[in-house]
């Protein structure tokens, strides 16, 4: 069998597993960071520093009873979490996390580190992110409960609203790189200015990055934009009625989305696997480091900022973020034309 | 590789399904959906032909169709909502009176 | 091969759209159909169009439909006071429409049968394929040859936006 | 550049019409005057450039765009300035600017809105008048022609709340329609005949032809155009609107109904000099009509009591002079008189305006008198104007009028000359009757001042009191009066005839305009033909210019001219003397004459019953026909019947078609789809 194919399959497996693990890891990170911020210890019992806590959670979730309201629509009720997780996984499929490599000559021709290398990766991520909405909306509608429905409507409205500025910020980077392929974008950031400033688009697109970060948080329904599950108002929003592993899937989807957003941010703005010190083949390390930092920021923000009010959220999204993104895009375009990137 | 004819037949079938939907369904929303089906059937032919003659124009047209479809959906749904407020129904037969 | 998979899927899901009694399911079936069409576009070497199809249709338009369906909680046609029959029950108009639709298919098939080069494989020469898949090419086209249409659609969108807002606004005066 | 000239006033019109009522009087009036001054400056520069050109090529044409492009006729929107139109634009913009300034003071009693409306009309008028003057072909000219007609209508009826005013406006408009209709016919005739309406092309087309001995197509075209001119320039038979036009504000009467618009007809004939000089028959008609009008109006003017009406009739009669000049081929003289007349007639009107202003709307000279002490400026300027128009040697009127009379005589129209001379006698008489009755003698206070609708109600109370102190013209008005007075004195000196050692500069300057101008000249045009074309308009100058045979003619002319000058100056003085005798020394004599010829007096007082005649012959029949026949008969029965029938038919069909409108979306879609299937089927079938 062609070693390339094997390598591809290997990569896919690795990505799949590591995504699952990352979700688990994120649970732990979240709780720990939260604890630190709130001057607690967080999980300590299970394993060293509670490292096994996620495993325990998963086990617990598995053994919980599957509850489904009688009035719920069974098919959609089961379908919704699947869609959510699937969308999350598919989105990551388009994310590259390393330069082309032959694995030290194991392969006759280099392959791209990444599940798939498509020339419209950015759009694919964008599209799948928008597909993620269905999971939430259907969940909310199917479980036939006012809390869920409200949460679902809120979240979908929110995601649609912020998708626009999200896309705009993506577009501005695409303009700079002149390609829709994430790999191309990353390679466009290779090298340094003046020998020490890395050529990250972060420096060319500070506003773009800010907009991307904000709308990314909103896309993943994280605090301070976590309206779908606004405990105080909506019990738990769209997954109020969910229990056991279905709930777990939503949970997982959320964290995987976070990972995806961070990875994409890494590729778009932080130069992906380009970085000093590490050899090319270890570029993945850089992706990991940058991604982890971004994830940490996620958690950090969640436990630092209070939740918006819903109307404030919409106001902000439509009346500030979107115009800002548009302006940023225009300026970028003008710059691209002027400097002829 | 698939003959162009197959694509055309497929899109014809889809279009017919959409048409039938418009006629059979008695729910404004579903009728709108059927219209979307028709639009997409047409899009398919555009892309297919464009691919065959090796020009992007087909896809360009598709984008315009999508835009129009978006506009149509927005307005159509708005109308549906307005109608639903007047009569608690979505059945087109409920709105046959030409003015009220 | 892929063509038949996606094509079949498209037809089945399209039938699902008009066969479902519950609008939510219709919407989902339609989403599925869009997805399969997107697949076909990929087969046709138009990935950009495919992704756009997903983003615009599945991501935006269909969500809008979902919204409305959820908003007006009148899912089952059977529950409307006007008829309690199955959605595919034949009304006079329905029957006429069905007949016409069939005739339409027949005519199209007939026309295709007489079309020269209907049997020609859809794949143009490779160079053309390369051109077709290029996003840049599409952008250039849109902003040069089709700029008028582009501007026109932008106006259209604006109008539609305003119209939608005006139409859907619940006027306080009357209630 | 040329386009700027009419453009400036038009901009003024736009501004005043759009936001005028929000502007203060100072701003809107100032703006209006400013644009006129600007356009005067432009005109001056243009004329300067024009004068720099060699005599044969004195024409600046500026084509804006092609208006009508069709085979075989092509009409451009083009402006052309040549010596003739140069004089005209100077007159229009110059006098126009002065009158604008004057108006700012005169109309000051109006409310802001009315004020702005007035100035917007005035500017619009100026713009159209300039289009008329500058138009290089008949169609453009006609645009201006109609435009000034409109503005004149608007301005006559400016105080439209007063019925007489609005009626007068309508009258002017309708009477002008008659003339304009003829004008259009003439224009079309020429267009059909020569496939062009451009003046120069027409000239070059016509010039080679021999003048028509009998009444031919050229004569017909010329005659039609002349009828148009009679409408615009108030000649028999269409003069009746002008006296009524005095209902308008006095500055308007000065600008439109004395200085500029009414002279459009004269100008038009001068424009088509070549055409007219090829239609001797029409020329005779023009001359006779002109002379008749001059005499008739003069006689009427003799007995009128409304200060402005007297001036109106004198205008008519002066216009008659101009047409007389045109008719005898003395185009230069006609234009010369037009130009001088613009000065002193405007001056006279403005002076009367000052009087009316001072008397808060009093217009009847029988209620005036003795104003000399109260209104010194007005008096002196008015007097100058009167002397000028009377034709006393040394002032503007003298030269021009004298030249006309001389040309009339010289070209052998002795009868017409007699009439002209008689008219000039009348002119002197009635003008000084006006002066004496208004300014001399004792103040004959009016019972009440009919000045309310002139917005002067505030002062109405002291209008009656004879010995109340009257305010002389305010600065703006006084300034203008003086300026015009100066003009009336000196204006004539650019046209001093050779007989008294002058060098008829104006005639020489104008000469090229009445021939085929150099650019369009066919070249085959011989000297004697050109003489025929130019008529004797430029007298000895032209002769000299032409060389050889001119000299003898010039020698012969001088003697005659000198004698005639003596005669006419004598006439002027006699006329003044008569006026003095009748209205100052022995006023009773006037009434005595009136009583001894009661019939004649009544005839004149009632203006020969022309209005009544028109009313009986035209207005009443038309009214009857339209009321009984067209309205009650045709309109009610046929038209309404047709309309109702249509309605019934539509509703009938609708009753049938309504069946198809089920309102069910599905049915509509079904029919649509059916259509698709059928069409597609059809195309597949064949």
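By letter and in written order, the chains are A, B, C and D; residue numbering begins at 1 in each of them.
Assume a contact is a pair of C-beta atoms (placed from the backbone, for glycine too) under 8 Å apart; a residue touches a chain by one contact, two chains touch by 3 or more.
Computed from a predicted structure; not experimentally measured.
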What are the chains that subunit A and subunit B both touch? C
Chain pair with more C-beta contacts, B-D versus A-C: A-C
By mean C-alpha coordinates, which chain is most distant from subunit D? A
What whole-number Å value describes the gap between the mean CA coordinates of subunit A and subunit C? 29
Centre to centre, by mean C-alpha position, how many angstrom separate subunit A and subunit D? 85
Per the C-alpha centroid definition, the whole-Å distance linking subunit B and subunit D comes out as 70
In whole angstrom, how far does the Cα centroid of subunit B sit from the Cα centroid of subunit C? 5
Which residues does subunit C have that touch at least 2 chains other than itself? 48, 52, 60, 91, 93-94, 96-97, 100-101, 104, 108
Considering subunit B alone, which of its residues make contact with at least two other chains? 19, 22-23, 93
Two-or-more-chain contact residues of subunit A, please, as numbers and ranges. none
So which chains end up touching which? A-C, B-C, B-D, C-D
If you look only at subunit D, which of its residues touch subunit B in the complex? 661-666, 669-670, 673
Would you tell me which residues of subunit C are touching subunit D in their complex? 91, 93-94, 96-97, 100-101, 103-104, 107-108, 110-111, 114
Which of the residues in subunit C come into contact with subunit A in the complex? 24, 28, 31, 47-48, 51-52, 54-55, 58-60, 63, 66-67, 70, 133, 135
Touching residues on subunit C, where the partner in the complex is subunit B: 3, 7, 10-11, 14-15, 17-18, 20, 23, 26-27, 30, 33-34, 37, 40-41, 43-46, 48-49, 52-53, 56-57, 60-61, 64-65, 68-69, 71-72, 74, 77, 80-83, 87-88, 90-91, 93-94, 96-98, 100-102, 104-105, 108-109, 112, 115, 117-125, 127-129, 131-132, 134, 137-138, 141-142, 145-146, 149-150, 153, 156-157, 159-161, 163-168, 170
So in the complex, the part of subunit B that touches subunit D is made up of which residues? 19, 22-23, 31, 92-93, 95-98
